């Protein structure tokens, strides 16, 4: 476990993140252009989706696919309630802010997922290809829970019917699922054609992307005074609690060791793209600094550095894998 | 032929295009930053030009090169006249609009050409490396024809001497021919140095580029009401007619099967970069929605999905290749 | 030597630069988006830094490392004084302009360094991995010398304490040294994970980056009338003089042939990123056209085309390598 | 050259609200606008920058409308309905335009 | 602080026409301008966006000139000759500037 | 709709000076601004464009402040101290705003 953590901490991807973090904290002007950051995220989504689809084409549809999708959706609905409860106990933030934050923790962070798959690949651990689809399925339900939590309070969230289309058809879900479908259709043959684009350079692109995430997280940390201590504690506790839930569900479903790890990671990670955008539209009165800082500057670094190796060793222990 | 079409339709590059198209039609916010799209197009032009040049360095200058270049130029001059005639019969659009559209169909779409080379490579069919130079040569003459068609009508097109410099030195021609020259000079040795940049990841980049083209075509389709039925029919008929002309010329020239296919594709494809820019400058009264929608949202998808496999099977039949 | 020069002149990277240069001089609209150019420079800095670090991890810290760093810093301090003297003799530009220019020539151009490493790799010549750190160390001291030269004249340069943080933590230094550290920590194992990103496509990306440099240098050349003949002569003489100094120092330090070449290249090259930005802040009255044109449109092309092969053959002669 | 009075309305608004705003403008009969990117800024809710950002949750755009003075009120009401609860700055200034028939 | 009256002319014009416009401005003796990118917009010829675009055929830029009031007419004539047949919006507004000698 | 008078200050300044300017604005008590990218331009020191540029030494940005008229002088002094020796254009115009309490 310690060796695993050290190994992870000293991998190029984590060190790239740390470099970005330190550069931002030292107020270096190092920055990655918005267009390049978006380009890399498109690349990562396309690659991870495609490879997931190919893996499904290879191994056929696992019987547990449907059950795992359903469980993922339920987790995404349920985790915000838990998060909201914890936040109300731990932190002094307003109901609205707490609900908005809670929504982020029910949803997922795709780059945390990608980093975890890359750790699994390095360790030679296989996982169910359809976990990519589970990731996509877990993005949106948490938003509903957050809005429900808010509407129970004084305010009514502004839910134009449009917002739903926007959430369900947001760029990252569409690209992830679309690439998954293309991978599933074209299979191994399709993969061979583009492997030297989506497989070989993958980890390198991930390094630069995590450098950028580090820069953004570092800028976020400089604003961390918007968070009280309870909120910061939540940012570290919540992923561990969620991962434990994910672990239980994964074991019940009978996923492979790799699959269990990924379900833990999905549960533990917090959204920083889809949910913030939805919250800005539907709950403008919630303070974006709070939820962005918690998700990006506290929970994401925790998962990337300590969380993933932790979840992996626990999963190996429990599955004997 | 059907197998070929199915194969093509289920290739990663066509499916990526379809994904973009569907995402845009469903009004997803998926989008590729302008800078990234331009970066990919620079990559594709550089890679295709370079490889063409290397192929010429390898196989020496074919005797038919000069003849093919000349034929390409003549095709580019002639096709707009044909297109204009067809449009006047089929569609109710104004003379000016018809002439502007006609110019697009005499010129070429480099990404259609690139997609065709990638289909040929997959099928193990070789082609003359200098076809890249033919592509460059066919970009501009059609613009002259279009302007001549317009000036025959009431209007005088605004042809500052500057416009010619702009057209002949437009970025894509310069990059394509420049990379071709570099490839021809450095040959196989140069290629080895950069093959893992311009050869291996090529198809993967093409996928993402076609995703972007799909997004733009999809947005265009949403505006397709600017087109009457005749115009839409033209958008599908014209490429078939042009390809037939290209086939005839290719057979007369004695090109290889691959070369014939590429000449058909060049004839069949319609410009969406160089010609629209020239038309905006010289014929501002022509409606850009008409020519952009026809070229990008009708003819490009047709060529990419059905046209290329169609042209390939006909060419194989006729050349026995 | 001549063969080497010809070989270098006909390499894809130099030809790409020439293509850009010609396109800009012909006023083609070929251009690379700012975000893409920045993305490529981030890639190159990351890759070159990482590989340097891995090489240090492999071969251990050479005893001469400290001495070489120190010598680099001294060169960076000293070269501007020399440059200033030469400029006052050769050119009629103002003291302030001369001092600002001098600062550029004490500092370094990382892309010239990268091009040189790529020539060395092609020739199978090894070099000390820590030369990357030397490059980083040589960026800033020259700025101090330039400011000292200016303050000796009438003006006082505006040196907010902030400026120092900015210079020492500027994006390229941080990225280069950070990637160097990551490479040194993760070593060969880390390199294997991302080699197909940072090693294989490296030369190809360098081609496109040099295409962009050519475009910018070409645009600069169109403004070259700001330079008098003396200044232009300086732009070619100074690198040769500096390289000679670098040669002497490199031989004294007992560097490998590759290391000597790189120290010559670092001495000979002129900054076009860090120093111009610092000069704009601290010496706004110096004319940026002068120093940018000299550095980018005269000295950079000279080093890239003739300088590097020249330095290489001289170094081989002197080290017998 | 014959010039005509018009109003230049600049609405600085969150990128996530852009489509909602332009839809509202359309409904209010406004047909012309241009959108400028905003790279960064500062306000009561802190400083921000688009650098390196992937999501759409951060960042503003400027929607600029040139409009005849007599149509201003309609536009302002439509815009304000969208901007009200959201971050956003609305300014109106007098300008002169050449081809008045276009607005 | 001593302020001077000036005019701020904003010409929103197709990207393909940018060089032609700035050449015309130069010929009319205008020496200073800045160019802002426009991301998207809507007008009589429909809606557009630069997202994912490769060609230069779509899209506008804003050319902004600060100019002394007495030089306005010259500028407007030069600009209008270029803009006339083309898509484009020209607005003029009063502003105050500090260093008047620069315009 | 109830409108209030305000000033719109546009400071076109070198990108390398952006942070120094915004720090000066902060010290002068200005809390709101937006930053627009500038793609290119021309002035006494020649023409420039950001195309393909890697360094920060070339290029301008526009810092836009909407501010109450009575706070203008403070802002101008702070801004001018930074801009003085540097390339830069400062313009001030009258605008009207809706939510005056925000400025």
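Chains here go by letter, A, B, C, D, E and F, matching the order in which they are written, and residues are numbered from 1 within each.
One rule holds in what follows: contacts are C-beta pairs under 8 Å (C-beta built on N, C-alpha and C of every residue); 3 or more make two chains touch, one makes a residue touch a chain.
Just so we're clear, the structure is a prediction, and the values are computed from it rather than from any experiment.
Participant: Which chains contact both chain B and chain E?
Facilitator: Common contact partners of chain B and chain E, which must touch each of the two, are absent.
Participant: For the interfaces A-D and B-C, which has the higher count of C-beta pairs in contact?
Facilitator: B-C
Participant: Same residues or different residues: which describes how chain D and chain E meet, taking over half shared numbers as same?
Facilitator: Different: fewer than half of the residue numbers at the chain D-chain E interface appear in both copies.
Participant: Please work out the Cα centroid separation of chain C and chain E, and write it as a whole number of Å.
Facilitator: 38
Participant: Chain D to chain F: how many Å between their CA centres?
Facilitator: 19
Participant: Could you grab the centroid distance between chain C and chain D? Build each centroid from C-alpha atoms only and quote it in angstrom.
Facilitator: Going by mean C-alpha positions, chain C sits 45 Å from chain D.
Participant: Could you list which residues of chain C touch at least two other chains?
Facilitator: 29, 31-36, 38-39, 196, 200-201
Participant: Identify all positions of chain E at which a residue touches two or more other chains, and write them in rising order.
Facilitator: Within chain E, residues 36-37, 56, 93-94 contact more than one other chain.
Participant: Which chains are in touch, pair by pair?
Facilitator: A-B, A-C, A-D, B-C, B-E, C-F, D-E, D-F, E-F
Participant: Inside the complex, what are the residues of chain F that reach chain D?
Facilitator: 1, 3, 6, 8, 22, 26, 31-37, 61, 66, 93-99, 102
Participant: For a test of understanding, state which residues of chain D touch chain A in their complex under the given definition.
Facilitator: Answer in residue numbers: 14, 16-17, 20, 45-46, 49-58, 85-87.
Participant: What residues on chain F touch chain E, complex-wise?
Facilitator: On the chain F side, the touching residues are 12, 36-44, 60, 62, 73, 76-77, 80, 89-94.
Participant: Note which residues of chain B are touching chain C in the complex, please.
Facilitator: The touching residues are 33-36, 38-39, 42-43, 46, 50, 165-166, 169-171, 174-175, 178-179, 181-182, 185-186, 190, 193-194, 196-198, 200-201.
Participant: Using the touch definition up top, name the residues of chain B that touch chain E in the complex.
Facilitator: 31-34, 37-38, 41, 158, 160, 162, 212, 215-216, 219, 223, 272-274, 276-277, 279-281, 284-285, 287-289, 292
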